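These are the structures in question, set out in turn.
Across the two complexes that follow, subunit A remains constant while its partner is subunit B and subsequently subunit C.
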Partner chain A sequence: MLVRKLTWPLAFLMALALVFTLFPVFWIVMTAIKPPTDWNAAPAIWIPHEPTLVNFRTLFDPNAIREYGVGGVSQAATASVLGSIFASVTATFFSILIGLFAAIGLSRYATMSKATPLVILSGRMFPPAAIAVPFVIIFSATNVIDTYSGLIAIYVAVTLPFSTWMLKSFVDDLPREIEEAAMIDGRSRLMAHLTVTIPLIRGGLFATTMLIFILNWSEFMFALVLSYTNVTTIPVQLAKYVTATAGTLYGVQAALAVLAMLPLVIGGFMIQSHLARGMTFGAVKR
Partner chain B sequence: MTSSADAALTRLSRDGQTETEDRMLGAHAPARPGAPMRGNLGLARFFAVPGQIVSVLVLVMPLLVALYMSFTDWTPTRGSLLDASFVGFENYSELLIYDSRFLEAVTRTVLISVVCLAFEFTLGLGLAVLFLREFRGKAILFSAFLTPMMILPVVVGYTFWMLFQSNGPINQVIALVAGEGAMPEWFRSAPLAIATVIVTEVWHWTPLFFLILLSGLNAVPENPVRAAVILGASPRQVFWRVVLPMLKPVIIVAFVIRGMEVIKLFDEVFMLTRGGPGTATETISLYIYKLAFNDFQLAYGAAAAFLVLIGTLVIINFMLLPVRDQLLEARR
Partner chain C sequence: MNALMHATIEVPTLAMEHLTKSFRHQPALDDVSFMVPKGALTVVLGAAGAGKTTLLRSIAGLEQPDRGRILLGGRDVAGREPKDRNLAMIFDNLALYPDKTGFDNIASPLRIRGDSRAEIETAVKEVAARLRISHILARKPKTMSGGERQRVALGRALVRTPSLFLLDEPLSSLDAMLRIELRAELRRLQRELGYTFLMATPDFAEAMAIADTVILLRAGRIVQIADPQTLYDAPVDRDAARFVGAPEINLVPARIEPGHGLHIAGGVLPLPDRLAALAGSGPVAVEAGIRPEAIGLAPADAAPISGTVSDIEPLGAQAAVTVTAGEAELRLVAGAADLASLAPGTKVGLSIAAERITAFDPRSGTRLA
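Moving on, here comes the complex of A and B:
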């Protein structure tokens, strides 16, 4: 393309876009460090005069906020943070493990029917509320309702198309000659894949793992309908805080929101160059 | 410009389109195209089976249960699903003919989706075009503009719920510009509540369009562009007549990927408005959720979901027609 410089009017447009992009993030972070007196002030306070971490402490110790003369939070968020970590990490591990096998199989051995991609895509089109309905019934009948194993099983199944397809696109990038050379050296097919294919795609493997983790961590609806007392995740807890307190505990809610988005923003930037590929099932390469 | 030059431009864009497709949609030449590695059926099965088991157990089975359920009048209070009486297409006809709340939710979701996609595409393309220029700090600005899509939907919904509060920052700015009296109650009026949903969704997902379209623009081959310039085309003509047509497959991919997601819109609306005021912002997913988990009309909700699935499949299939061969398949 013809390279031209950014002119001043265009630079102004871009600056405007940047303000719109970053303002909501700025607002939620500022709210998370506001002391209770600033939460609901009118006119709203943009930057707190006395920033505090009390909101974050309150998430783990419901009474911490009382030092400001405000009633405590009914429920600590500790369980939901641990629950989110446990469910996301475990589900990501299995999704990547199964997806890696499927990816190698699809890339190296299978003759896929033309309809396969559409079948996979259609799985993504079905409204999750409707998949949730039979899950609730089946899980109730088999007693895995309100357990982490049930939630993890769903997460693995829902993210499997993403992990399989993204990993397959990385395996596709690898010339077969490399594996074949290893086989000529006397290694079995399985060993050739384990010792040659997998190490060579480790960059892609990391990016895919990150993306699947992001998807699991963000999931809301399944966690909402499948959790009662034992199972809870951060998004569900955030929704509970908002309904239970009718919006009076802004600071604490915002603190939980910041805590929820922090790992995703960091992880997202780490795999930035692979995001396009991941979000389009490997259709867009760079 | 003469008519022959005009025709030449069109030809340039057509030739370039295949090249962009090759670069973007991953039709890179593998070492030996087509032929799968030979032999060892057992190993192929070993690789494929775990994924298949999980998919059948956790996706296919529930779908079949839901499909059967959608032809019954079952509710949880009536005991086992097997005892429920078979009612044929009654749920479906009820939905399509009498359930105005369902039909409204469908219309509303489609409208919101179309408006969101239009904004996301326009803004994303505009920003991507700006990123073709040279300027300092490009890498860090690129990351900054991607931030929204990395935030989880529930948090995005919550954040905008805060921003649109009657004493929130958005109303504060409006008061500053237009006076105190102009401050709206965003969540009390139907059109304004829908506007908040659209603003939230557009903010959240414009970065994805930006990302995909910028990848596409960077993959546009240089030769047709150079040739067009030599032919005397203005920068504007080069963009609209040569570059944009070459980008078509990429644009379709972006629309399909986002279209599939926006039609399921739930998390953000749940946090923002819960479908209110009344049912003014109720999307399909939210309606099915309420049917199933507030009113326990599980069978009816399942029928609604299958109608939505069929509709989405048909639309996506039509959208995919022009790029089916490039996208996902034929890439081995």
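Moving on, here comes the complex of A and C:
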């Protein structure tokens, strides 16, 4: 590993980068615990004097915010949280499941054109906006608009090229002889992949799962245009905290954003140890 | 069929018939046919890219040949998965399971087969003792030395008794000392246990040292199948002669003059009958192949060929001495006693064992005699 001595200019640059990336996080967490009077205060209040959890309570009980004289939240965020969890988890599961076998197939058995993996990736080259409207029409015609199965199908389709490509790179890194040794030792092809290939790329599998989950979890446009009332997710709900009487409810919005960040932060910490490379060290000579 | 026929016709462990395989229109194996008899150690010898690995992988069922048949124990194995071919393979990169201990690596084939715990324990310990790796069974591959990994890979193959062992450059990752030690050990194990080995190597010395039969592969085609000594003494062509042996064989233009002798390197040697037969009535130009050890030093005035030492390359106890004689450069191997009196520029006489000279066609390179 490349280790560089931490010099003052380098430390300064790193601090700058950290402030740049972490300040929004700091600000949103602070806003989430500010009472309504502090949201728009000028000069800005950095750290609230009277931190409160009212914004979080308002997410699940729209009337909670009334104790501060603010009204107009019409709808609890509960449905959107549950909707996000359901859509993201299910879509991630299928994207990874299909992507994993596609990756093994492309890496080990691709007898088709060399361009096949590229063709798969080209599905990602359309800007989502270009395909959103056609999908609204198609989904309306087929009656899957405003259903979770419709949204999940779109999520799987959109993330599949990513999961396939990422997982393929991990399978490519694994010498094929290791699973072939298992085949010679008596495993069928499928079992060799299930018992040797997949466990050995689990670090990459976790990392890919995390990435796909993040993509699904934070997806906004499809969730917006493909839903009316039945389907709702956190990113869509986030845009709904604008009221006629009190303007944008920054604190409540921030509380939902903090909630949305939590699974990613926790997940990130959980897979940290798996992200290290070098699991196959010593198995083969290079 | 009666008992007598069973006794006399032995089915070869492996028979390849016209095996052909291309990758993206690049032929990797071209009409390869040979047999491996039971209990023999057969070596596939060839340079990198000759098709050795493709050959072994095809036999294992890891590659699909385009044409041709592979018969194991007399049965065509086309379409059979690797697991149903009853063979063991050692990969050139060993391909140990990185997440498993030495014990579990070796036990793997038995576990998959469903042997009992006690059977596995006994079998693994026995193999480990034989390979002298009992002390590393609890360790994972990354904490093992190259030689230890090599032995674990061997153990994983030897723990079963398959009909055929495929070894793809199994010793290439080792340093020279260990390689020589392990190849002798491989040979001993193979003889003792009566196993059938098909081993690929780019190293002719390894092939010479342990093979019963050598299959010389070049650009996907079989060039020659012979025992090591025959391959060395009577290579089918110039390139085969150069591939086998170090220092490399001397190739010098020569002329066979019937009734007179062999004109070579500015001198004339007595003509062996074998070479004389090549020439009809008139002289014939050939390319003479002379192994370095067939050339000896002689007093400069009495020898049929004389020349000047141009280079001395130490080989340890001996040295490769290059002598410029006439228009030819001849390399020979000289011992310590001779070396004392040699330096670049020294005039020397050369004696050549004429009966050991091979003659090649100067154009095509095929061996004439």
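We take it that the second predicted complex is superposed on the first by the 227 of 286 C-alpha atoms of A that agree within 3 Å, B and C clash if a C-alpha of one lies under 4 Å from a C-alpha of the other, contacts with A are read in each partner's own complex, and residues count from 1 in each chain.
We adopt the following convention: contacts are C-beta pairs under 8 Å (C-beta built on N, C-alpha and C of every residue); 3 or more make two chains touch, one makes a residue touch a chain.
The shown structure was predicted, so the numbers you read here are calculated from the model rather than taken from an experiment.
By the touch criterion stated above, A:190 is placed in contact with subunit B alone, subunit C being left untouched. Contacts of A:21 after superposition on the shared chain: subunit B is touched, whereas subunit C is not. By the document's definition of touching, of the two partners only subunit C reaches A:199; subunit B does not. When subunit B and subunit C are set side by side, the one touching more residues of subunit A is B.
When both complexes are overlaid on chain A, the residue A:212 reaches neither subunit B nor subunit C.
Within the superposed three-chain model, A:133 lies in touch with subunit B and out of touch with subunit C [touch as defined at top].
With both structures placed on the common chain, the touch criterion links A:249 to neither subunit B nor subunit C. When the two complexes are overlaid on their common chain A, residue A:182 makes contact with subunit C while staying clear of subunit B.
Common to the subunit B and subunit C interfaces on subunit A are residues 175, 177, 180, 189, 279-286. For subunit A in complex with subunit B, the touching residues are 1-6, 10-11, 13-14, 17-18, 20-25, 27-28, 31, 40-44, 46, 97-99, 101-102, 104-112, 114, 116-118, 121-135, 137-138, 153-154, 156-158, 160, 164-165, 169, 172-173, 175-177, 179-180, 189-190, 214, 217-218, 220-221, 225, 235, 238-239, 242, 247, 250, 253-254, 257, 260-261, 264-265, 267-269, 272, 275-276, 279-286. For subunit A in complex with subunit C, the residues that touch the partner chain are 175, 177-178, 180-189, 196, 199-200, 279-286. Contact residues of subunit B toward subunit A in the complex are 23-26, 28, 30-32, 36-37, 40, 43-44, 46-48, 50-51, 54-55, 57-59, 61-63, 65-66, 69, 81, 123, 126-127, 130, 132-135, 141-156, 158-163, 165, 167-169, 172, 175, 203, 207-208, 211-212, 215-220, 222, 225, 229, 235, 238, 243, 250, 253-254, 257, 260-261, 263-264, 266-267, 270-271, 284-286, 288-289, 292-293, 298, 301-302, 304-306, 308-309, 312-313, 316-317, 320, 326-329, 331-332. The touching residues of subunit C, when paired with subunit A in their complex, are 60-62, 81-83, 87-89, 91, 93-99, 108-109, 112-113, 140-144, 146, 149, 156, 173.
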